[in-house]
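Got a structure for you, questions after.
Per-chain numbering from 1; labels A, B and C assigned in written order.
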Amino acid sequence: MDTHIASQINSLLAALILLTAFGLVVQRRMNALLHLFAWQGFLLAVSTAIVGYVGGAHDLYISSILTLSMKVVLLPYILHKLIVKLKIHKEVETVVNIPTTMLMGIILVIFSYHLTAPIRELSTLVTRSTLAVALATVMLGFLMMITRKHAVTQIIGFLAMENGLLFAATSATYGMPLVVELGVALDLLIAAFIFGMFFFHISTTFDSLDVDQMARLKEED
Amino acid sequence: MTLLVLLIVPLIASLALAFIGDRKLAPEINILGSAATFVSGVVLALQVYEQGPILAGNNFFFVDAFSVYLTVLTAFVSMTTAIFSRRYMRREREHGTIGHRRLRFYHAMYQLFIFAMLLCLLTNNVGILWIAMELATLSTVLLVSLYRTPAAIEAAWKYFILCGVGIALALFGTVLLYFAAEKVLGAGGAALHWTNLAQVSDQLEPTILSLAFVFLMVGYGTKVGLVPIHNWLPDAHSEGPTPISAVLSGLLLNIALYALVRCKVLVDGSTGTHHSGDIMMGFGIISILVASFSLLRQKDIKRLFAYSSIEHMGIATFAFGLGGPVATFGALLHMLVHSLTKSSIFFTVGHASQMHRTQEMEKIKGLIRGNPLVGWGLALGVMAIVGMPPFGVFTSEFLILTATIKEAPLMAPFLLLGLGVSFAALFRRVQPMVGGAVPPYQERLKAANLPVIMHMAVVLLLGLYLPEFLSGWFQTAVVLLK
Amino acid sequence: MNIHPLIVEITQIAVLLVAAPLFTGWVKMVKCWFQGRTSPSLFQPYRDIRKLLAKDVTLAENASWIFRFTPYLVFGVSIMAGGIIPILSMDLPLSATADVIALVALFAIARFFTALAGMDIGTAFGGMGSSREMTIASLAEPAMLMAVFAVSLVSRSTSLSQMALVVSQGHAMLRPSLVFALLAFILIALAETGRVPVDNPATHLELTMIHEAMILEYSGRHLALIEWASMMKLFLFTTLGIASFFPWGIARNDDLVAVLAAIPVLLFKLGIVGVGLVLIETGLAKMRIFRITEFLGSAFLFATLGMLSFFMLE
């Protein structure tokens, strides 16, 4: 594959990943959120594989397969099972003020672009331009965790952040060393186990997964 | 070899405890495992003392003066906490707040947590450091929500989410670090080895490293509990079981700070400026001030001391940021004595709240008459933590303060203000709790004496006399962190 | 063989006048197929226009000159827009003088007068329609401009001919900025031409109609002109989209063969767009009016992302 075309495809994938990140921030429906998340993982896996092919970094194939199995199959499956079991798969979350959130998202994208501007000049990789998108994805996941009040949504935001980080690793450096990637995947697996338990604890204790109900621990004056 | 033993013992203990479950001997196995860890930690320390820094396992592990003293400290506090937790948890079970399954979980996770912290300290790979850090968070999240009360679940959720976000930012910083390192050291795992990085730190691209440091600072700073990203800390401390509060305060915060300082060394080497130090000083001083004023408003005894932990981590961060031999020496000592004092305070606080079945300070009274060890332990612990001589905290704070007056005199008033306010706040709160008559609802209990006595003795000793090997280590570490 | 640009211009406008009702008829036909109904003839819009043109105009007593003037203005503006957009050829005299911003302004004028005319009579529906129309316009126009800017960043010009030329030359299909701009454009075009999910051109249900509410009082040749103009608007937006994003097949100069060859290509593309439009319209339900802010907000988001990704990724 021609490097030029590959880098164009990669840019396009980056743009689509950014789009899914925005989609996650504003999507109300649980099922649609899961689908978007799985798509994001899929785009990430494809992008990783392409970068691996172009850069000759064959470690990235493993990382791509890891992403594919974790982010596209396993985690969405677990989450789906969980929300069906908790009977919230048809739930529609009330999200306030989507246009404002979108504007904030755009500001975050510009912010990430400026933050990474000095770095992309230093990089020689074909993927360097996607670093800004990667940081923006992290930031958007962050935004999602702040603006959304549902436990499941917050977790999806957390996982989307993780996607952004992996994307950053592939776009800045052709991927972290394999041992680190594996370790991160392991941590993620444990995290999945933990939030699964949490969903049950929260929903049995609070009768709902709305995090707003958790307001007992405030600083009293 | 000792290194491997040190790591494998808690891992085996964790598996064994998960397997055995809540049998009669589980707490004893927990203690035994921690004691074995402590012994191998001491052996390792002796080796480092004799041979200097050790690189092992294909450069995968690295122990120097800085990490070895924290290793011994971690192993020691986890051992004493295991001793404390035996009686504490027995009591909790008698009260019926906790069942068999959760105790099994508690013990297994406790050992896993220790394993994660030791891995943080012993690994040479900055990426593994991050992973172990995340593991340490994850293993304690469900311990914080162990009691399954709404407040505990809320606290644990907050802890999980906030630290998750923080640690994610730290990973981004690590990615940037690797990005810079890869140019100098080439791709592959070796590019993340701290020893390699430290050697070539002056060749690393400064722009990337400064940006990386911002992310690492915010990321690991969340775990250190620095203001403004400290919100998880008081909640997690107040709602989790007290042994967990003790190790969170005494150990986890230290480890996070350790990670941050390791990264700072690299960044300073690359940029050649003091910017990273300035950032740390800023975070530190804000943490000191906010935490000390928050101390005034607390009603819950565990929250009170959680805020005190934020304050002290602020002091250590500030001192590391200040740099220079005296301040760094002070910071290293401060990490040590704060850890010992604070965990000891949490031991007594745990018993005190068990005696009164509440964590509200207004209902806790007459501790000295009710249980002299708990009462005196708390009183002396607070005296130590506010920096009264002759305890070790006085020495470290004194060192930091002199360095501040010399190096950054403008900061000294703020530092003093913070110390003064926290002094007043803690004293005002503790006096009515330890003194006075025994209230009728106070229950008697068998307290775990040994951990409190051991900790307070060490803190007192360190205030009176700093052993030569320790000051030697600190000196080496100071040179290392210059 | 080169022909005079003016002739191309005139041909283009003729194509616009003829093909616009045809395109509307095509969309209606495909829609009927999709919904399993028997469709009206492809030429039904012509018949409607002829019928309306033959009828007398009924004017309200208090109708002012604005009300009478508006149909001619809107019709004229549509024809002028047809001269700007490279429908058949990129070498147009009008396209050289008026860029895409002028085009947006032209549409804005037409909309402004339609809204005024809606309020002129003083009926409740007219006012309601006008207010809704202006709400949508205030959201759609910034998004439209952003989308246009995203494309003009790629082509480094706001002239439509230049934009079409650059896009047709480059291997620009994979450019993220264009993909985003296209997404934004589709959303905006749906809103601007009053299609589902924003408005329903087939409804006269009082609570939901927007465009139809404004022109409720028109009759006879006035209504014919307005209906024709709105068919042209749909056609123009489609050709605008084709010219900016899929300009292959549009003649680059005024060569007779190329211009003639552009006509079947155009018809082919229009056929596809018609099917796409029907897919969107049958797949989506009409939104509540308060959701339109979010709909156009996303259009704005896409357009901005298009601009940003030009800087970030290209």
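Note that in this section contacts are C-beta pairs under 8 Å (C-beta built on N, C-alpha and C of every residue); 3 or more make two chains touch, one makes a residue touch a chain.
Computed from a prediction, not measured in an experiment: that's the story for all the values here.
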Most centrally placed chain - per-chain CA mean versus overall CA mean: A
Highest C-beta pair count, chain pair: A-B
Centre-of-Cα separation between chain B and chain A, whole angstrom: 31
Chain B and chain C, separation of their C-alpha mean positions in angstrom: 65
Cα-centroid distance, chain A relative to chain C, in whole angstrom: 37
Touching two or more other chains - residue numbers and ranges from chain A: none
Touching two or more other chains - residue numbers and ranges from chain B: none
Touch list for chain A against partner chain B, complex: 57, 115-116, 118-119, 122-123, 135, 138, 141-142, 145, 151, 154, 158, 161-162, 165, 168-169, 172-174, 176-180, 183-184, 186-187, 190-191, 194-195, 197-198, 201-202, 205-206, 211, 214-217, 219-221
Of chain C, residues touching chain A in the complex: 171, 174-177, 179-180, 293-294, 297-298, 300-301, 304-305, 308-309, 311-314
Residues of chain A touching chain C in the complex: 5, 8-9, 11-12, 14-16, 18-19, 22, 26, 98-99, 102, 105-106, 109-110, 113, 129-130, 132-133
Interfacial residue positions of chain B with respect to chain A in the complex: 125, 127-128, 130-131, 134-135, 138, 141-142, 145, 148-151, 153-158, 160-161, 164-165, 168-169, 171-172, 174-176, 178-179, 182-183, 187-189, 191-192, 205, 207-208, 211, 234-235, 238-239, 294, 297, 299
